[in-house]
Each structure stands twice: as C-alpha cells, then as structure tokens.
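Paired with chain B in one complex and with chain C in the other, chain A is shared by the two complexes that follow.
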Partner chain A sequence: MEKKKHIGSKAIILLVIIYLMLPLVMTLVYSLFKEWIDVVPTGFSIAAYAELFGDSAFWMAIGRTIIISVLPIFLCTVFVLLTMYVIVVYHPEWDRFMQILCTIPYAIQGVILPICVLSLYTSAPKPFSDRMVMLVATYMVVILPYIYQGIKNNLTGVGAGRLIEAAQMLGASKLFAFFRVVIPNIMSGVTVSVMLAMAIVFGDFVIINTLAGGHFTTAQMYMYDVMKKSGQRTCAVIVVLFVVTLLISGGAFLLQGRQGKRKERG
Partner chain B sequence: MKFKKRTYLFAIVPFLALCILFEIVPVIYTIIRSFMPEGGELGFTLDNFINIFSKALYQKAIINSLWISILSSVIGMIIAFFGAKAVHEGAGRLKQIFMSILNMVSNFSGVPLAFAYIIMLGNIGVMTMIGKNYGIEFLANFPLYSVWGLLLIYVYFQIPLATLLLIPAFESIRTEWKEAVALLGGNKTTFWTKVGIPVLLPSILGTFSVLFANALAAYASAYALLMNNVSLLPIRLSEQFVGDILQRPEFGSAIAVVMMFFMVIAIFIQNKVTPKQGGRH
Partner chain C sequence: MAYIEFQNIDKFYGKNHVLKGINLNIEKGDFVTLLGPSGCGKSTLLRCLAGLEQTSSGKIILDKEDITHKDPKDRNIGMVFQHYSLFPNMTVKENLAFGLKLQKLPAAEIEKRVKDSIEMVELIGKEDEYPASLSGGQQQRVALARGIVMRPKVLLLDEPLSAIDAKLRKSLQTSIREIHKELGLTSVFVTHDQDEAMVMSDVINLFHDGVIEQSGNPVDIYTKPETSFAAGFIGNYNILKPEEMKKLTGKEWQGDVAIRPETFLLSNTPITSGESYKMQGVILDRVTRGNVLRYKILVNDVEVQADLLFRSASMYQIGDSVQVALANHNCVCL
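Right after this comes the complex of A and B.
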C-alpha cells in the first residue's frame, strides 16, 4: 500500500516535470542544430551562439537591460528603506497605509500600469514626458510589493524595534541605530528580494514595449526583433537570457536557503 | 522645536512622491478619463462603457479574457493540486528536483514561452512536421494560433505558480486527521472530499485568484504569438494607446477600468480568504 502510493505520486511528479521541461529542452536543442524537421535534428552547430555573441547590438541590449533594472531597483530599495525608517522608529501605525500602497501594483499589473502612466504623461511637461523617467518609475512601482515585503519580513525577523532600543541605550541616535545597526543586519535578506525584482525586470516585455517601443532595445526587445529573422538565433537568445535569469534567481534561492539555515542554527 | 522634531518626515517624501505620481494619479486619471466623451472635450458620459459591452469586438475580448483566465486557472489548479499532493506525500530526492524545476520554469514565460511553443507546434514546428510525416492528425493540425493554443501556453505558466503557492498549504494537513478518518471507516477519497479539500479551500481560492489575475493581465505571450490578431482585454487595451490604429485614449481608459475591476475582485477575494501571512513570496 505504502509502496503503491509512493509510485503514484512519483509518476505524477515525473509527468508534470516532463510537461514543464519539454518546451525548455526543445528550445535548447533547436538552438544547437541547423535543421529539425523529423524526430532527430540534424547538423549540430553552435553558429547561432557564435553569431549572437559576435553581434554588438546584442551586448548593447544586455547593457541597456542592466541599466534599466539596476537603477529602479536601487532607487526603490532606498525609498522603501527611508520610509520604513519612519514607520519603524516613529509611526508603526502607518504601516497599514504603506501596505495598501504596496499592494495596489498587483491590481494594475501587466499592461494596465504602463498604459495608465503613458496616457497621463505623454503630453505632460518635460521631466515626466521623458520615456526613461516613465520607464524607471513604472518599474519601481512594479517591484514595490516584492521589495517592501522583503524589507518588512527582514525587519521583523531581526527585531528592528528592539535593536534600535538597545542601540539607543548604548548612546546611539535613532537615525544611527537604523542605518548603521539595523540595515547592515537585514542587507543580505534584502538582497534576496532585490534579486527577485531583478529577475522580474529582466524578463519584462510588456512595460518596455508599451513605454519605449523600439526606442530602447533591451534584451527582451532584441529577442522579439530576432524572432522575425531566425529561429535558431532566437532560441539561442532565449537560452542565454534564461540562463542569466536562472543565475539571478538561483542566487537568490541559495542565499535564502543559507539564511534559513543560519536562522535555524541561531 | 516642534518643527525640528518632524524633519524625519522628509524620509518618506521620495516614496510618497513615487506612489502618488506613478501609481495613484495615473490610475485616478484613467478612471476619470474613462467617463469623458471621446475626442477630448470635457463632460461626463457612460458611452465608453456602453460601447465595450455592446460592440461585438470588445464583448468578445471580455469573454475570451475571462474564459481563458478562468479555464487556465482551473486546469493549472487541478494539475498543481496533484503535484503539491505528491510533494506532500513525499518522494525524497525527486521532490527536491521537482521543487527546483518549478522554481526554474516559473521564470519561463512571456515571449520566450510563446516562441518555444511556436517551434514545437507552429506552422513549421518540430511536432507539426513530425505529425505530418507520420500522419498524426492531432499534431499536424494543432490550432496553436488560436485561443486554444493560447490556453495551452497559459496553462503552462500557471502550473509552477499554482504548485509553488499550494505546497505550503498542504503542510497544514496532519497525518493524524487521515488516521482519524480511517478509524471512523472512511477511505482516502472520503478524507480528501470531507477533510482535505475543505481545509485547503481558503488556500485554493486564494491561489485561484492569484492565477486568475496573472492570466488576465498576461500580455507578452499573446502578443508574441498572435500580435494584435486576438481579442483579449490586454491586447485591445494597449492598441488604443500604442501602435498603428487610431488612438482612442478615452475608450482605452474604459477598457483599463474594466480590467482593473476584475483584478480588484480577484485580489479582494484573495485577501479575504488567505490566512494572514507575509505576501506571495
């Protein structure tokens, strides 16, 4: 009986794994062969990758993606940390409003937020009508829930309130206590949510396509352009970008696991 | 003195400015605009909404969007239920691998996912060609470029999300309950229908809302697969503002409001039913 149950659940897991892995594996194989019109692909070649890595437009696109993810994530983290300082130290009761503000992005996810921003600011005065400003700000709003939740969980985890009290007893000011005692303690936890946010911005197509169109070719837009030209090369781009995303989110996953262990031991 | 004490309030200014300028005001502006007549004059009208619900093109978008979101969530949910149940019943090393794969493929969505399906089942896709060569009708004529193809893609990205959200819920099911049901003469089916699923119901409903919102807002995979040739709310919404056809911001705002309405319902249900715990991650 026990044995049978085990085999049943194993079979289900295996089936789901096959279903989920199929498109990924096919994409990988497709990128490595010249032709695939029968069961077995023919003409192994890494030309698609060579071409891709030799294309300066690709590296430019990667560079733009990095800029457009790092800037909003950095700013968003700083903004949330500053606000959490006021909430933790002076007004814990304001956290309710903060939470509401950080939940709204879920309700306007996908195409809704960039469309709302675009429709409001296209004909607005200069700093707002700048596509880059819109882009950075929109990304900041999109990742807000993740950054907020990450920072909040970690603040609760280290017992920020008591840490500040202790530091004050030792003669530190509230400001010093928060920024020099609490923040260094939560930094590695915050890194996890930063990396999750990074993976989100890295994989974004809808916001960049809506707000920047063809004017700011990120890696996702580059992929979309290549799609119309060559199947092999598109698959190569997909594989490379997917590996990068995996490294980012895998890093976050590892970091989280290590922290979990440290907490258990502690 | 009083003033000096309050200088710390400056620390919330950047955050508030961001939320007001790029979250609250754009949404409120869109809502107001959805009640204004087309063409830019001032005034109040319900025409935009009447148009959405009466014109066949937009009715179709609403129906398609709701239909594909609900169906993909239900299918994803059923598969995720058995997946999470299998993980709960424990399969050692395989469980670890499964969890890693779920985390990995949850990153595989949007344009890359749509393209993977194009090379598998598209016009000259690998499986389509195999189907043609060996006379497998189902593969040779697979309707990828239709709502059915989209459904297949949507189900794909729902599964990892649903399973990852459901696995923690299964941890609340205790072995003693199963034993109690067995002692009272119930079998496994009795346990799941009378105890297991009712206990999990809040988590199932909460997860369903997340999936529904996720599918309703999905844009990239549909756009990559069918461009604007499919009637879905996000596609119809974005084409009122971007692209080649005549731009109709007031009408588009009304579409956005309809979408936000569905999203808010989904999130409201999720907040009501999910037991208090920190966020989605």
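Right after this comes the complex of A and C.
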C-alpha cells in the first residue's frame, strides 16, 4: 500500500515536470532543426546559435540586460540595508511603515508602473527624464519587496539587534557592529534575494519596452526584433536566455541550500 | 564611596514608569543579584548600567566616574546575554578576540587572553568551532568567556542561565561563581529564580514594580522578609492575615505575618517540646518536591503549607490528623 502511494506521488511529480519542461524542450528542438513539417523534425543545424553568437548586437543586448539588472539591484540593496540599519538600531517601530511601503509594488500591474513613470518624468528636468535613470529607478521599485523581505527575514533570523548590542559591549560602535558583524551574517540571504531580483529583472519585457522602446536594446528587445525575422533564431534566443536565467536561479538555490545546511547544523 | 552607585534612577517607556527613583550601591568585588518577577525593571536597570538603555533621570557612577551618558563601548563593562548573542560567522576564538582586536592589542596578548579565557570556562579543543556546532551550555560558556576576556570593570549577567536545562544550570552557577571569585570581578546578575539568587549572591536586591523592595544578604532576605511581596517571592512563605493568625495561635496580631513552611513541626503524637503554639490539623493535600514533601494542612479553619524532609512516602496521608507546632520566633511580622 505504502509502495503504491510512493509510485503514485512519483508519477504526479513526473507529469508536472513533463508539463513544465515540454514547451522548453520543444523550443530547443525547434531551434536545432531547420524543418518541422512532419512528426519528426529534419535538418539538424546549429546555424541559429552560430548566427546568434556571432552577432555583436546580441552580446550588446545581453550586456545591457546585465547592466540594467545589476545597477538597480545594487542600489536597491544598498538603500534597503542602510534603511534597515536605521530601523534596527534606532527606530524599530518604523518597520511596519517600511513593510507597507514595500508591499505596494506587488499591487501595481506590470504595465501601469512604467506608464506612470513616463507620464510623470518625461518632461522633468535631467537627470530624471533620462530613460536610463527612469529604467533603473523603476526596476528599483519593482524589486524592492524581494530585496526588503530577504534582508528583513535574515536580520530577524540572526537577531541583528542582539548582535549589535553584544558587539557594542565589546567596544564596537553601532555602525561598525552592523557592517562588521550583522552584514556578514546575512550575506548569503542577501545574495539569494539579489539573485531572485536579478531573475525578475532579466525576465522583464513590459517595463523595458515601455520605458526604453527601440532606443535601448536589451536581450528581450533583441528577441522581439528577431521574432519578426526567424522563428528558429527566436527559439535559440529563448533557450540562451533560459540558460542564463537558470544559471542565476541555480546560484540562488545553491546558496539557499548552503544556508539551510548551516541552520540544520545549528 | 561605593564602586557602583545608582542615584535616583528613573526610566520611562512612554507613559510606563519602569524604574522609580532607584538608589543602589554596589561594592567592589561583590556578586550582586537583581531578583524579581518579569517586568519588574531589573533587566532595565542592568541595561542602563551597560549603556544599552538611557535613563530618563538620575546618575550612574562607576569607579568614581559619571558614566550616565557614556556609550556602551566606552564603559569597559562586560555582558553575558540570555540568548548568548555569539557572532555566528566567527569561531569561538574569533568571538573572544573580537573586542581585543578593537582595542588594538598586540597579537600575542590577544592569543594569551583568549587561551586563558577558554581554559577558564573549560572549552579547550572547541576554539575553532562555530557557535552553531556547540550545545546551549557550551555557547553560554563562550559568552561568559567573551564577557571576561576584556577584563571589564564590571561583569553583567542578564538571565544567562534561563535557557539552559536544570542540571547544566547548576554546574554553570558554580562556574560563574568560581570565575567571579578567581578574577575578583564585580558582578551584577539578573534572575527571576530565587533559588539561583540564593546560591550565587553576596547581596540580593529584590525588585517589584520598578522599586527595590528589599536588599540584603541571602540569609537575611530569606529569614527576615520585610514585605508581603518579599515573603511571597522569596521563600514560599505562608502569609496570614491578623484574623487568621488569631485563629491559629489564639492571640491578637497586628498586620500580616509570614511563616516559612519548614518551620512547622508535625507529629502523630502530641508535641511536648517548647514550641510556642501547639495545634491540631488535618492533611488536605500532599505534593512531592524532590527531597521535600509539601503538605497543605487545615489548622483551626486556616489553610497552611508545611514542608517536611522526604524521609518516607508514607509519613502522612491525605485526611490524617496531625499535631502541629510553631515557634513564636518563626512568625515574622510584616
């Protein structure tokens, strides 16, 4: 009876995996074969990938995507860390306001945010009207809940207030204690949040398309352009983007796993 | 002049008056306990001394110096926290060396002090382990070592044993007391456990509702409670009203009277010794408390509790009639 249950649960998991992987596998197959007019595709070729990797515009697009991912994530993380320092050390009662503030981005539909940003800042003085600044700031808003929640959970988990007090009793200032004692202890958690945020920004098309349009080609925009020319190449772009996102997420899960193991040992 | 002086300390949290004009002197080398129930202000006073809380008014003097508004880092006070507060990313050795490095001591001096402290708390061999791999008792020993490695003027212990099991707690009580004596420290210990306070302290300050209810050495605190609260908190005293005392002894009393449970004499046969009051009672209930049996007895319509050493489980059964005697000097007027 127990064995049957075991087989049943395994079968369900297998079905879910197939269901989730099927579109990706099909995309991969489509990117590797020239023709697919029968049941089995024909004309195996890596030409789409060769073209893609030989196109400097693609690498530029990937590079831009990484830059517009890294910059807002870095800035957002620094701002949240500094804010949490003030909250943990001086005003713990302010955390509920921070919590509310960081929940708001969840409630905003993807397309509304960039449209609002555009209408508010297009005619604003420089640097606010700069598309790059708008883009970075908008992404900072989008990823704020993920960064905040990750940092906050980790601060609570390590008992940041208590650690700072202990460090103070050993001769450290509050600021020194926060950066020398607390941050090293939450670093793996922060990294997980950062990677999740990176995956979100990497996968965005709506915000980048609305705010930057054709002026600033990212990987997503590049893919949109390629779609008009070749289906096979589009599939290759999707596969490459998937692999990049997978690597980022894999890194996040790896770190999460390590953190979990350390907690288990504790 | 005392080594530590608290002068008229008041502390408010909003409208909540947590410390009400505390005046307390602590002599150098004493092991002083702040004892009281949760929320009585004992930990707040300790944190004011540490500098982790600011007083609303009043002065704190340490070694003739006004430290009321000094930062914790400038007070040279060591502290052991209830939840250890060890740095998880540092090994035992690194935890101990943290403060010494901040003082920019030479590496050899740091090495020596860390080694000495580890030896003192009997953690040799654990130097390179991380806190997460240590047991609760071992972590608290590291916290203790970290508290003394700085050679502080005062060592503060904020309920350091409350998260530790009973057996280990007893062993750590002894360790803390020994280290205190060996290093000639001045220690201020916070606890809500009266037994722990009795075992460890030179002086006990009993807190209640933001004021010090009574101060004294453990024997005085135990045998001469000055208020109903002190009698109730310290020794499981029977606190009887004058009318109850009249029923019990047949004479008039003014004010409440506290009687320790172990001062009652119980016997199956009439008691002929020179006790002041001799009565008859009925056993209502019996509770085993390790080496002591606690009886609830109805004597002249008054319920009292009496403790006897647990020599035999069949000493008195519920419903038995017993002879009860009580000496006059064991009736403490409050």
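Please note the rule applied: the second predicted complex is superposed on the first by the 251 of 266 C-alpha atoms of A that agree within 3 Å, B and C clash if a C-alpha of one lies under 4 Å from a C-alpha of the other, contacts with A are read in each partner's own complex, and residues count from 1 in each chain.
Heads up, the rule we're going with is that a contact is a pair of C-beta atoms (placed from the backbone, for glycine too) under 8 Å apart; a residue touches a chain by one contact, two chains touch by 3 or more.
For clarity, every value in this text was computed on a predicted model and none was experimentally measured.
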Handout entry: Overlay on chain A: chain C relative to chain B, clash or fit
Key = fit
Fill in the blank from the handout: Between chain B and chain C, the one with more contact residues on chain A is chain B
Exercise for the section: Mind working out whether A:47 is in touch with chain B, chain C, both or neither, as first, second, both or neither? Expected result: neither
Exercise for the section: Specify the angle subtended at the CA centre of chain A by the CA centres of chain B and chain C, expressed in degrees to the nearest 10. Expected result: 100
Handout entry: Touched partner set for A:104, first chain B, second chain C, both or neither
Key = first
Handout entry: Which superposed partner A:171 touches (first chain B, second chain C, both, neither)
Key = second
Practice task
In the overlay, answer first, second, both or neither for which of chain B and chain C A:163 touches.
Solution key: second
Handout entry: First (chain B), second (chain C), both or neither touched by A:132
Key = neither
Fill in the blank from the handout: Smallest Cα to Cα distance in angstrom from chain B to chain C after superposition equals 12
Handout entry: Residues of chain A contacting chain B in one complex and chain C in the other
Key = none
Handout entry: Contacting residues of chain C [partner chain A, same complex]
Key = 50-52, 71-73, 77-79, 81, 83, 85-89, 98-99, 102-103, 131-133, 146-147, 150
Completion exercise
Within the complex, chain C is touched by chain A residues 158-159, 162-163, 165-173, 181, 184-185, 262-263, 265-266
Practice task
Within their complex, state which residues of chain A touch chain B.
Solution key: 5-6, 8-10, 12-14, 16-17, 19-24, 26-27, 30, 36-39, 41, 75-76, 78-80, 82-83, 85-86, 89-90, 101, 103-113, 115-121, 128, 134, 137-138, 140-141, 144-146, 149-150, 152-153, 175, 193, 196, 199, 203, 205-206, 209-210, 213, 220, 223-224, 227, 231, 234-235, 238, 241-242, 245-246, 249-250, 253
Practice task
Spell out the part of chain B that touches chain A in their complex, as residue ranges.
Solution key: 8-9, 11-12, 14-16, 18-19, 21-27, 29-30, 33, 79, 82-83, 85-87, 89-91, 94-95, 97-98, 101-105, 107-113, 115-117, 119-120, 124, 126, 129-130, 133, 156, 159-160, 163, 213-214, 216-220, 223-224, 234, 237-238, 241-242, 249, 252-253, 256, 259-260, 263-264, 267, 278-281
